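Below you'll find the structure I mean.
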Amino acid sequence: MDNKVAVYRKEHFNAAHRLTNPLWDDEKNNAVFGKCNNPNYHGHNYELIVKLSGVPDPQTGFVIDLKLLSDLIQYNVVDKFDHKNLNEDCAEFRNLNPTAENIAIVIYNILREKISSALSLQVRLYETERNFVEYPAN
Amino acid sequence: MDNKVAVYRKEHFNAAHRLTNPLWDDEKNNAVFGKCNNPNYHGHNYELIVKLSGVPDPQTGFVIDLKLLSDLIQYNVVDKFDHKNLNEDCAEFRNLNPTAENIAIVIYNILREKISSALSLQVRLYETERNFVEYPAN
Amino acid sequence: MDNKVAVYRKEHFNAAHRLTNPLWDDEKNNAVFGKCNNPNYHGHNYELIVKLSGVPDPQTGFVIDLKLLSDLIQYNVVDKFDHKNLNEDCAEFRNLNPTAENIAIVIYNILREKISSALSLQVRLYETERNFVEYPAN
Amino acid sequence: MDNKVAVYRKEHFNAAHRLTNPLWDDEKNNAVFGKCNNPNYHGHNYELIVKLSGVPDPQTGFVIDLKLLSDLIQYNVVDKFDHKNLNEDCAEFRNLNPTAENIAIVIYNILREKISSALSLQVRLYETERNFVEYPAN
Amino acid sequence: MDNKVAVYRKEHFNAAHRLTNPLWDDEKNNAVFGKCNNPNYHGHNYELIVKLSGVPDPQTGFVIDLKLLSDLIQYNVVDKFDHKNLNEDCAEFRNLNPTAENIAIVIYNILREKISSALSLQVRLYETERNFVEYPAN
Amino acid sequence: MDNKVAVYRKEHFNAAHRLTNPLWDDEKNNAVFGKCNNPNYHGHNYELIVKLSGVPDPQTGFVIDLKLLSDLIQYNVVDKFDHKNLNEDCAEFRNLNPTAENIAIVIYNILREKISSALSLQVRLYETERNFVEYPAN
């Protein structure tokens, strides 16, 4: 065992989306995505938990200052997706179905570029209290 | 003090909405409703708590069978609003701004007609964990 | 407006119960109580919130010392019902159907005798996160 | 029944405090306040829920813009108490024991001056998940 | 790192149980299991979280449709254990002590047969908010 | 896959602390730790989750009796830190900055000595609902 500690920061955003595959006709989209395929959209309060693992800095006792991590998530993720229509307003989902799985991968990729490679990264995204995802899987 | 007991049932639905006043221009709507005015909508996981107060039936010990209350909310409220765009898909909000306050009043009026007048009714609606409303106010 | 403050203390207990009316036959009990009528019992984690309202003591700033209230609930309610079968082990429910409504009334009556009449009392009981009751109703 | 709706906004702050009555000696303070009397302080994550009741504005559908209410609580309450020692850093508790009851009354009085008298006000303060208070009591 | 995403679905059931080892006498059972050994049973609201990890289908963006996973848990686990006495009503615990650990293993084994071996499986079971288990351990 | 099950027990304590590096001057401490550097302290409700993984005992079905684990955490951790000033009252933090990371490592080291080496150990510590840490990291 090394001395790595994981730190977690929870943020949230509210967004509209619909699930659809543009290569399929309406009948198939309805069969697969059901009411999530509503062409007028529905929405969620997304809860996002970002996990970083690393060795604490001996001078501060911090893996990372969680205020800085919060600001970084706010600026790069929340400002991009909060109170938006993921399908219509967000370039990331122009050609990608905004399932919870895909939203988590997109957020991971955004944050991975902004965070030191000395820290490992994982994101958990709650679409509802009962449905949530994590990327990458342990 | 009489013998009234209050019973509560919690349900939820996910919906898209936008806040807007059609009598105002875009500038005023943006000034008042900010990012909630996004013309492409955003969305929420709405948590709904329905409260009924009355004297328990001496034969059952129930104010109301909560399974029946759950079914009644499901049929009359959740099926109507879940995975919908409140502004576009729901006649109740064709001419009514879907603020949490107005959604709560609409739900109260729907349920009030379906529930015995011997029971008093109150609805609480969570738009997010930090923003919620109650109608009628105590 | 007077200067009354309400204070709340949350406790919990785990118990088995079944819902049944001994004056009815099995068919009627099943029709009314459904799977809650299982003769072998089922169970719950009950969450109990006790509310007392009164004027804070100017010397302590307390309506009541919540540690004392916690001990009082523990001794008079939790020790009586925790890890018990309400129907079989508890005299209070020998002739009373242990619905959430009736359990709340029983707990109110137990506590009412132990707490100064200068303080008003209300109990809220969660049978599940989605089903809960309050006595007396506001 | 009038048309009043209650709206709620939840905020939080983290603070240190100790409970003590300067007119009492150490023995009495220890007997009454126990480990809450630690002269080196302890602390809490306080969760604050502010409730306002009024008639929604027909043009906005809002009792009050919850973003404005959030800013008002932030500026007048959270900035004052967050990451502070209530006894040492806050004039409000120089001569007032910072029990949950008294903190709630102080917050009520601060907010009451800032909010239109057309709206009724109530504050709920969680000291822990299991201990909380409300002022004024219903 | 591969492209695996973990998806989670939360369900619940309410059940009665007692902890006991039929090879031991009452004295030993009481010494080891304490009030959990009550011969008349007690009960819990069990919260179950099922985790599946796999690569999302590029056509749907789903690891698995969570509605299908929910139905599968409902049919194979919840319908079997909800509102039951685990010791008396459930063949799985005829010869197996229904500790949280053993219930989690039983649920894992039930679900493992029903879910594609391309997906890895883990179950978490909350007996109370403060006591919970996970199988298999990471 | 072996037969290991993870069991979790949640406890809590309330404490005051400040973040500071005694080798730095006030200006640097303020720049790095911000309002967490308040010399009069602030405080938190710490939620602690202890995870142990091992093979259940075939006679009990327990990895460990969670009542025993709860008592062990209470005696060795909660009694030491609850209602304390971590910087002033606790020898563990005389020369160690009480960040969440360091508190988690200290608690891990305390518990590791008290728990059989056949069981693997991990601790999670919530400083607030939105900021938490885990040691060792997975």
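For this structure, a couple of remarks:
In this document, chain identifiers A, B, C, D, E and F correspond to the written order of the chains, with residue numbering beginning at 1 in each.
We adopt the following convention: contacts are C-beta pairs under 8 Å (C-beta built on N, C-alpha and C of every residue); 3 or more make two chains touch, one makes a residue touch a chain.
Computed from a predicted model, the values in this text were never measured in an experiment.
Contact with chain C and chain D alike is made by B. Chains making contact with chain B as well as with chain E: A, C. Relative to chain A, the most remote chain by averaged C-alpha coordinates is C. One rotation lays the C-alpha atoms of chain D on chain F, and its angle is 180 degrees to the nearest 5.
Chain centres here are Cα averages; for chain A and chain B they lie 28 Å apart. Under the contact definition stated at the top, the residues of chain A that touch 2 or more other chains are 129, 138. Taken as a graph of touching chains, this assembly fits none of the simple shapes: it is neither a line, a ring, a star nor a complete graph. Taken pair by pair, the chains that touch are A-B, A-E, A-F, B-C, B-D, C-D, C-E, D-F, E-F.
Contacts from chain B toward chain A in the complex involve residues 12, 14-17, 35-36, 38, 40-45, 82-85, 88-89, 128-129. By the touch rule above, chain C contacts chain D in their complex via residues 1-11, 53-54, 56, 59-63, 65-67, 70, 120, 138. The residues of chain A lying in touch with chain E in their complex are 19, 21, 23, 32-34, 96-102, 104-105, 129-138.
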